[in-house]
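Chain IDs A, B, C, D and E follow the sequence of writing; residue 1 opens each chain.
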Amino acid sequence: MPKISTRLFSGAKHRVSKKVGMPPGSLIHIGEDHSRETEISLISYGARGVETRILDSVDALSHYQAGDAITWLNIVGLADIKAIEAIGQHFDIHRLVLEDILNTHQRPKCEHHDSFIYLVLTSLVIPEPGADRTVIQGLKSGIQYQQVSILLLDRFVITFEESASSALGHITQRLSNSSGRFRSQGSDYLAYEILDSIVDQYFEYEEYMAEQIDDIEEELLINPTSDTLIRIQRLKRELIKIRRVISPLRELLNGLLRSDSPLIHAGTAIYLRDVFDHCLRITEMLDSYRDMTTGLLDIYISSISNRMNEIMKVLTIFASIFIPLTFITGIYGMNFDAMPELHWPWAYPALWGLFIGISGGLLVYFKRKHWL
Amino acid sequence: MPKISTRLFSGAKHRVSKKVGMPPGSLIHIGEDHSRETEISLISYGARGVETRILDSVDALSHYQAGDAITWLNIVGLADIKAIEAIGQHFDIHRLVLEDILNTHQRPKCEHHDSFIYLVLTSLVIPEPGADRTVIQGLKSGIQYQQVSILLLDRFVITFEESASSALGHITQRLSNSSGRFRSQGSDYLAYEILDSIVDQYFEYEEYMAEQIDDIEEELLINPTSDTLIRIQRLKRELIKIRRVISPLRELLNGLLRSDSPLIHAGTAIYLRDVFDHCLRITEMLDSYRDMTTGLLDIYISSISNRMNEIMKVLTIFASIFIPLTFITGIYGMNFDAMPELHWPWAYPALWGLFIGISGGLLVYFKRKHWL
Amino acid sequence: MPKISTRLFSGAKHRVSKKVGMPPGSLIHIGEDHSRETEISLISYGARGVETRILDSVDALSHYQAGDAITWLNIVGLADIKAIEAIGQHFDIHRLVLEDILNTHQRPKCEHHDSFIYLVLTSLVIPEPGADRTVIQGLKSGIQYQQVSILLLDRFVITFEESASSALGHITQRLSNSSGRFRSQGSDYLAYEILDSIVDQYFEYEEYMAEQIDDIEEELLINPTSDTLIRIQRLKRELIKIRRVISPLRELLNGLLRSDSPLIHAGTAIYLRDVFDHCLRITEMLDSYRDMTTGLLDIYISSISNRMNEIMKVLTIFASIFIPLTFITGIYGMNFDAMPELHWPWAYPALWGLFIGISGGLLVYFKRKHWL
Amino acid sequence: MPKISTRLFSGAKHRVSKKVGMPPGSLIHIGEDHSRETEISLISYGARGVETRILDSVDALSHYQAGDAITWLNIVGLADIKAIEAIGQHFDIHRLVLEDILNTHQRPKCEHHDSFIYLVLTSLVIPEPGADRTVIQGLKSGIQYQQVSILLLDRFVITFEESASSALGHITQRLSNSSGRFRSQGSDYLAYEILDSIVDQYFEYEEYMAEQIDDIEEELLINPTSDTLIRIQRLKRELIKIRRVISPLRELLNGLLRSDSPLIHAGTAIYLRDVFDHCLRITEMLDSYRDMTTGLLDIYISSISNRMNEIMKVLTIFASIFIPLTFITGIYGMNFDAMPELHWPWAYPALWGLFIGISGGLLVYFKRKHWL
Amino acid sequence: MPKISTRLFSGAKHRVSKKVGMPPGSLIHIGEDHSRETEISLISYGARGVETRILDSVDALSHYQAGDAITWLNIVGLADIKAIEAIGQHFDIHRLVLEDILNTHQRPKCEHHDSFIYLVLTSLVIPEPGADRTVIQGLKSGIQYQQVSILLLDRFVITFEESASSALGHITQRLSNSSGRFRSQGSDYLAYEILDSIVDQYFEYEEYMAEQIDDIEEELLINPTSDTLIRIQRLKRELIKIRRVISPLRELLNGLLRSDSPLIHAGTAIYLRDVFDHCLRITEMLDSYRDMTTGLLDIYISSISNRMNEIMKVLTIFASIFIPLTFITGIYGMNFDAMPELHWPWAYPALWGLFIGISGGLLVYFKRKHWL
C-alpha cells in the first residue's frame, strides 16, 4: 500500500492555538488564505438601476447610506484586518462579531444584534465532474469549504469571504440582468438570495456524493481492493464533516423565520421557508447516504471473507486430492522384502486406476458441496 | 460476479444542476418523464351528479367556479409548463409553489397559503406479485416513485402527477359509483380521499417488503450466495429511501390536523386522524423491517464464517490423517543398509494394521470434536 | 441445514391488499380467524348482583340501558359483520371505528369520541412452559397475538376479540366472586380491569423471554450450532414485534389519564397510573432483553471464531510436526550413489532419535504458545 | 468449556406468574426472601433526644403520633403480610401502594398521595474487594439488589426492606451521634438522608465496575480466553441491569423537587438537588462504561483474529519451507534408470547446499513480510 | 505483547468510598493532590489600578469588601480544609457547596444561590506537541484533568483549583496589561474570562485529538500492529471521557444566560453566548471524532483480515504447486517390478518438462485470480 497523505486536518493545524491566551475580541485572521489581497466590491441597486464599483476606502460608503437604494458590499479576502476593522467601526459592528468573521472556523449561526443580523455559514466548491478522479482520491476529497459571513443591515448587506465563490457570482449577474422584481425587494431579499445560492451548492454536493457512492459500489462488485476501503472511509468522513456544516443551518433559518426584527419583511418569510425546506431535504439525503456508506462497508467486509473462502477452497481441493494419493505412492515406495503387490504385473496400471478413482470421487464430493 | 448496474441514482443525475444559478421561482420541469403530454381532466360533482371532461383550455374553468359543486382538476404530465403556469395564474398560486410542483423531488410537506393549502407527497407503484423477480433484482428494486402535488382550494382540488397513477384512478371510480355520502362532502374530504388512497399503497409496499424479507431469509437458510448479500443491501436501501418518503408525512398530516384554516372542516378531522394512524403504523412496521434486515445481514455473515469452518474441517481431517501415514511410508522408503524391520516377513501387513489404527483413532478423535 | 419454514408473515399476507381501492369506512373483517362464529356474551352487574347471558339479538340491549347496573358486552369472533354493524348502530359508533375493530392489525391507540372512548390493544397467548420446545422452534415463536378492542361508554363496556382469551376470562370469574368492591365501581374501572389483565400477560411474556435467553445462553456455552443462531434471530424478531405492540400503550394510557372525559372518574386515575407503571417496567425490561440478545449474538460470533482457531491449531500442529519429519525420510529415500550416512550402522536408530527430538521440541513450542 | 450456570434470572422465575389472574390490590409477597421474619424497629428523635425500640404491635404507634418528634419506622422482612397490612390501615395507605411494597420488583418511582409520598428504589450490596473473584465470576456478578420502599408522612418516615441493609444502618448510627443539626430537621430531611445513603452505594458500585473493566482489560492484553468474553458479557449485562435501577431515579427526584406538597420543606430542596446531581453523574459514568465495554469486546474480537493470523503464519512458514524441499527429495528418490545426477559424487552435498539455500531464502522472504 | 498498565481509573480508586457512611456536608478533600500546600492569591482591580498579593489570613479580606474594586481570590491547592472552611464562613457559602469544591469529581454545573452563583467545570492540560509520544502512549493519554470551582459574588470572584493552571495564569497577565476595558467591567465579566480561557483549552485538546487521529491513520495505512488497536481504543476512551466533561457545559452556560440574577449584567450576555457557541462547536467536533474513531477501527479490522488473506494466499500457492509435483515423484519412487516408464531413457527429462509445465500453468491460474 503506498503511503498516501490522508491527513484530513493538516491544513487546519495551529488554527486555534494562535489565539489561546489572547483577550476575547482580538482581531486576528485565522484562515488558510493569508496571501490574498482584500478586495471590497460594491453593488448598489434600486428601482432606477444598478451601480457596480470597487471600493478603495470606507469613507465612500457614506454616499450610499442616504436614499432608497439597496447596497451590497462584498469583501473578498480577509487578510487586511485594518480595512475590516474600518468597516466594522463604520457600521458599528460588535468586536466579537468581527472576531467571528475573521476566524473562519465558525459553526453556522444567526445572531440578532440591535441594528443588524449576523449570519455565518459555509459555501462549498465541488470538483468538476471531468476532473481527474485519481488526483482527488489521493488528496482528500477535493471539496473546498469556505466560510461566508453575512451582515444584514437596514439597506445594506455586507458579505465576507476568503476567495470569490461562484455562488455569489451568480447573484451579481442576476442583479444586473433582473428586470425589476429582484431590484424592488429589500436587503433581506438579497440576503435570502445569497443563502439560497449557497444552499443550491449543497445539492451539487449531494449529487457528487451520490456519484461517489455509485462508483464505489461498482468497484465493490467488480474488484474490491484495499483502496476501496480507503475510498469508503473518505466518503464517510466527508459525510461526517458536511453534517457539521449543514445541520446547524436549520437553526440558523429558524432564527431568521421566527425573528421579529424589522429587518425581515413579512413577504420574505415564504422564501426563507423555501430555503429551510431545501435544508431539510439535503439533511435527510445526506443522512441516508451515511446509512448507505455503512452498507458499502458491510459489502466490503463480506467480500474479503468471501475471497478468503475461495482461497481456502482451492487449498483444500488441492491438498485433499493429492495428499491421499501421495500416501499411496509412499506405500509402494517402501523397501520391505515381502511386498507381494510389487511383483504383480497389473498392479501398476491398477494403481493408476485407483488414483483416478480417488480423485474423481473427491471431485464429485466437492462438486456436491458447491466448492467447484 | 456479473457486472450488474446497481446505480441507484443514475436516473436522477443532473436533476438539480440544471437549476443552479437560476433565480428562485424559475419554472423548469425537473423530472424524469419529459416526453409525456400534459392532460388536464376535470371532475365536477355535487348533490346533483358527476360531470367528467378533458379540459383543453384554462378558460373553461370559470364556468365551474360558480355554484356549489366541488371540482377536481387532475393534471397528468408536467412537461407543458405554459399550461401549468396558466392554471397557477388563474388560481393565484405563488410562483415558488409552481416551482415545487414542477421540481418532482420535493420532501413531503404541507404549506398553508392565504387562499389554498399546498400538499406534496410521493405515490408508489409496486411491481405485480407475478412479475419476474430476477428482472427486478437486476434493475434496482422495481418500485417506482412519483410525486403527487395537491392544491386544496375552497371548492377546488387540483392534483399534479407525472403519469396517471392507480391511486387516483380508484377515487374517480368511487366518485362515479358513490351514492351521495362522498359527494355531499367538501373539497377537504376529496383531498383526504386522495391522501388515503396514496397511503393505502404504502401498505402494499409494506407487504411487498415483508415478502422480500421472507424470500431472502429462505435463501439464507438454504443456499446463501454473494447475490443474497446484494439483495439484502438492496432491501436496506429501499427501506432507507422509503423512510425519506414516509416519515415527513406525519408532519404533513399534523399540519392539516392542527390547521385553523377554514378550508378544513371539523368533520374531516376524524378522517385525517385515521390516515395519521396509518402513517404511524406503516412507519413502525418499516422501522422493524430495518432491524430485521440487520438480522439478515448477521445471518449472512455468520453463514460465511460457518462455511469457512466447514472447509477448514475437511482440510484438517484429510491432512491430519494422511500426513502422519505418509511420514511412516517415508521411513520405510529410506535406503539405510541396516533397517531390520524391512526384513521381517510380517512387517508389511503389520504396517497396514498401524495405518488403519492411526486413521481410525483420528476419526474417532474428530468425531468426538463434532467435526464429522 | 434442513429447510425450516421461517416465514414470519406468511399468515398475514393479503391482509391489506383486500382493502386497497375500497372507500374508507368499508366494513370487512381483515383477520386470520374467519371460520369462528360470533358469540355475544353479556354480563350485567351492580350492587345487587351479577347477571350473565348469551345475547341472540341486539334488541335485548335496550333492557340494560336503563338502571344503574354496569353492562359488559363481550363479542368473540369477528366474522359476523352484520351483528357488529348492528351493535355499532345501536350505540352510535362511527364507521371508521367499526372498520378499525374489524381490521385486526391496528396500532394500539386511544380515541376520544363524543359519547365513548375507543381503545385498541393486543393480548398475547404464551405457550405453556411444558409445551414441546422443538415444535415451537420450528414454527415461529409459538406466541399468538390477538387484537382486543374496547369501547368504553357511560354504563357500558363493549369488547371485541377474535377468540376467547384467558385475560378476559379471569375478569368474568372475579366479577362473579367479587364481594362488592369491584361491583360498586363504574364502567371505567371495568375497562381498567381489562387493560390490567392484558398487561399482566405481558409479564408472563417477559418471563418466557427471560427463559428463552437463559436457554440460548446455556446452548451457546455448551454447544453452539447454526440452529442457535436461528433461535437468537427468532428471539430478536419477537422482541422487535412486541415493541410495536407495547410501546404505543404508554401513549394510550396517557390518553386516558390526561382525559377530561366524564367517562373517566377521578378515583380510577390511580389504577390507570398503576397500569402505566407496569407498561413502563415491561418496556424497560424488553429493551434490556434486546441489548442482551445483541450480547448473545456477539458470543455466537466469537464462538465460531474460536472454533476456527481450534481447527487451525490442530491442522498446524499436525502439519508442522510431520512435514519436517517427512522431509528427512525423503532425504534418505534418495538414490544417490554417494550417501555415506546410509551405510553407518547406527544411522537408522539415530534418525529415530532425531524424529523424537524434533517432534518433542515442537510440542514444547506449541505448549508454550498455549496451543495444547 | 465447563458448564457454568449463567442464568441471570433463575431466581426471578414465577415472580409474576403468581399474581396473574388475581384482582389488583391483592397483597402477596413477591420476593426472594420468604423465610425472614418481619422486624419492625422504631426510632423517634427530636430536639430532646433519640429513642430506639423494637415494635411488637402497631398499636404502640399512637403514642408517637402526638408531639413534635420525628418517627422512623423501619420494617425489615416482608413475609408477615398481616403486620404490613396493619401498618397500612393505621396510616391509611392505599392498597395499591401496599401491593407495590410487597411486590419487590418495582420500577423506581415517586407517587404523591393525599397524606403521604411513596418512594420506591433499589439499594445495592457490592461484594467486598477481598472476596474471591472466581466465585463471583461463577455465580452471576455477586451484586445483590434489594427494593427499599419509603413512605414519607407528616412526622413519620416508614421504610420497608427485605433484609437489613448497611445504607440504612449508617443513618441510624448518625442519628444517635448527631449533635442537633440532623435532629432539628423534618421528616423530609430523614427521607433525603435515606435516599442519599442509597445513592452513595451506587458510587461504590461504579468503582467496582471500574475495577472490573480494568481487570478485564489487563486480562485482554495478557492472555484473552473465552472466559474473558463471558466476563465482558457479564459486565455488559450488569450495566444493562443497573440502568433500569438508576435511570428512573432522576424522574423520582424530579417528582420530589417539583412537588408542591407541604411534606417537602423549602430548605430540603438544596439537598435533594445534590442527590439529583449525584444521580446525573452516576448515570453518565455508567453510560461511558457501556461504551468502554463495547471497546473491550472490539479488543477481544481483534485478539482472536490476531491469534488466528499467528497460527496461520506458523503453518505457512513450516509448509512453505518444507514442501518444496520434500519435492526435491522426491525427485531423487525416483527409480528411473537414466538419472545422471545420482551418480555424481558431489551431488548429495550440493543438494544439502540447495536445501539450506532455499530455506534461507524463504526465511529472509518471511522476515521481510514481518512474519517472523 | 508487553504488560502495559492501561488502568484508566487507577488513580481514582477509593475516591468515593472514603465518604460512604458520612453525613452530607462533611468537608473532606477527595482529590489526587494532597501534598500541595494551599495558596491564596488575591487580585483586586478597578479603574484606578491592579493590586496583587498573597493572602495569609481570611481576615484581610474585609478590607476589600468596601469600595468599587473587583476582587479575585484564587485558591490553589485544596488540602488545607480549615482555610477553605474559613473562606466559606466569611462569604456565607452553603456547606454542600464547600463539599462539592473539595470533592474534585463534580459534574460541571451551575448553581444559583441567594448571594452567589456556584460554577464548577474541568480544565485540561494537554501534553506539549514535542513531548515523547511513546511515553504518553504507555501511561494513559497524557492529558490531565483538573476541577475548577468558581464562586461569583457581587464584587468578588473566588476560584478553587488543585494546582495552578495556565488558563488562569493568562488572565492574571491580561488584567495587569489591560488598558481599562477589562478593568471597567464587573465580576461577571471576570467569571466569563475564566470560563472563556478554560474553553479555549478545549480547542487545544481538539487539535491534539485531530493530530492523534491523523497519526493513527498513517500508522494504519503503513503498518498496523496490535499497538495500533490499543491506541485507537485509548483515543475512543479519551473521547468518552471528555464528553462527560464538555457536554454538561452547555447546560451550565444556559443556566447563566437564562439567569435573572442581578450578578449577571445584561452586557455580559453577548460574551457568554460566545462561549456557548464555542462549546457547541467543540461538542460537534468531538462527536465527529468519535465517528472517525469508529472508522479507524473498521480499517484496523479489515487490515487484519486482509493480512490473513495474504498469508493464506502464500500458503495456498506453495502447497498447490508442490503437492501435485511431489505426488508425481512419489509415483516414480515406487518399487513395482513392472513400471515401463522407468526404463525409457527420455522419461526423466520429460518429467522435468511436466514439472515445469504444471507449475507454470498453476502460476498463470493464480495470476488470473489476482493472487500474485
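The working rule: a contact is a pair of C-beta atoms (placed from the backbone, for glycine too) under 8 Å apart; a residue touches a chain by one contact, two chains touch by 3 or more.
Computed from a predicted model, the values in this text were never measured in an experiment.
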Moving step by step between touching chains, how few steps can get you from subunit A to subunit D? 2
When subunit A touches subunit B, do the two copies use mostly the same residue numbers, with over half shared, or different ones? different
Per the centroid of Cα atoms for each chain, what is the distance between subunit B and subunit C, given in Å? 27
Could you tell me the distance, in whole angstrom, between the mean C-alpha positions of subunit B and subunit D? 43
The positions of subunit A in contact with two or more other chains are 301, 305, 308, 312, 315, 319, 323, 326, 330, 333-335, 339
Quick one: do these chains touch in a line, a ring, a star, all-to-all (complete), or other? ring
Please name which positions on subunit B make contact with subunit C in the complex. 166, 170, 173-174, 178, 182, 193, 196-197, 200-201, 203-204, 206-207, 210-211, 213-214, 217-218, 221-222, 270-271, 273-274, 277, 280-281, 284-285, 288, 291-292, 295, 298-299, 301-303, 305-306, 308-309, 312-313, 315-316, 319-320, 323-324, 326-327, 330-331, 333-339, 370-371
If you look only at subunit E, which of its residues touch subunit D in the complex? 1, 3-4, 6-10, 12-17, 19-21, 23-24, 94, 96, 105-107, 109, 111, 223, 226, 229-230, 233, 236-237, 240-241, 243-244, 248, 297, 300-301, 304-305, 307-308, 311-312, 314-315, 318-319, 322-323, 325-326, 329-330, 332-335, 339, 341-343, 345, 347-348, 351
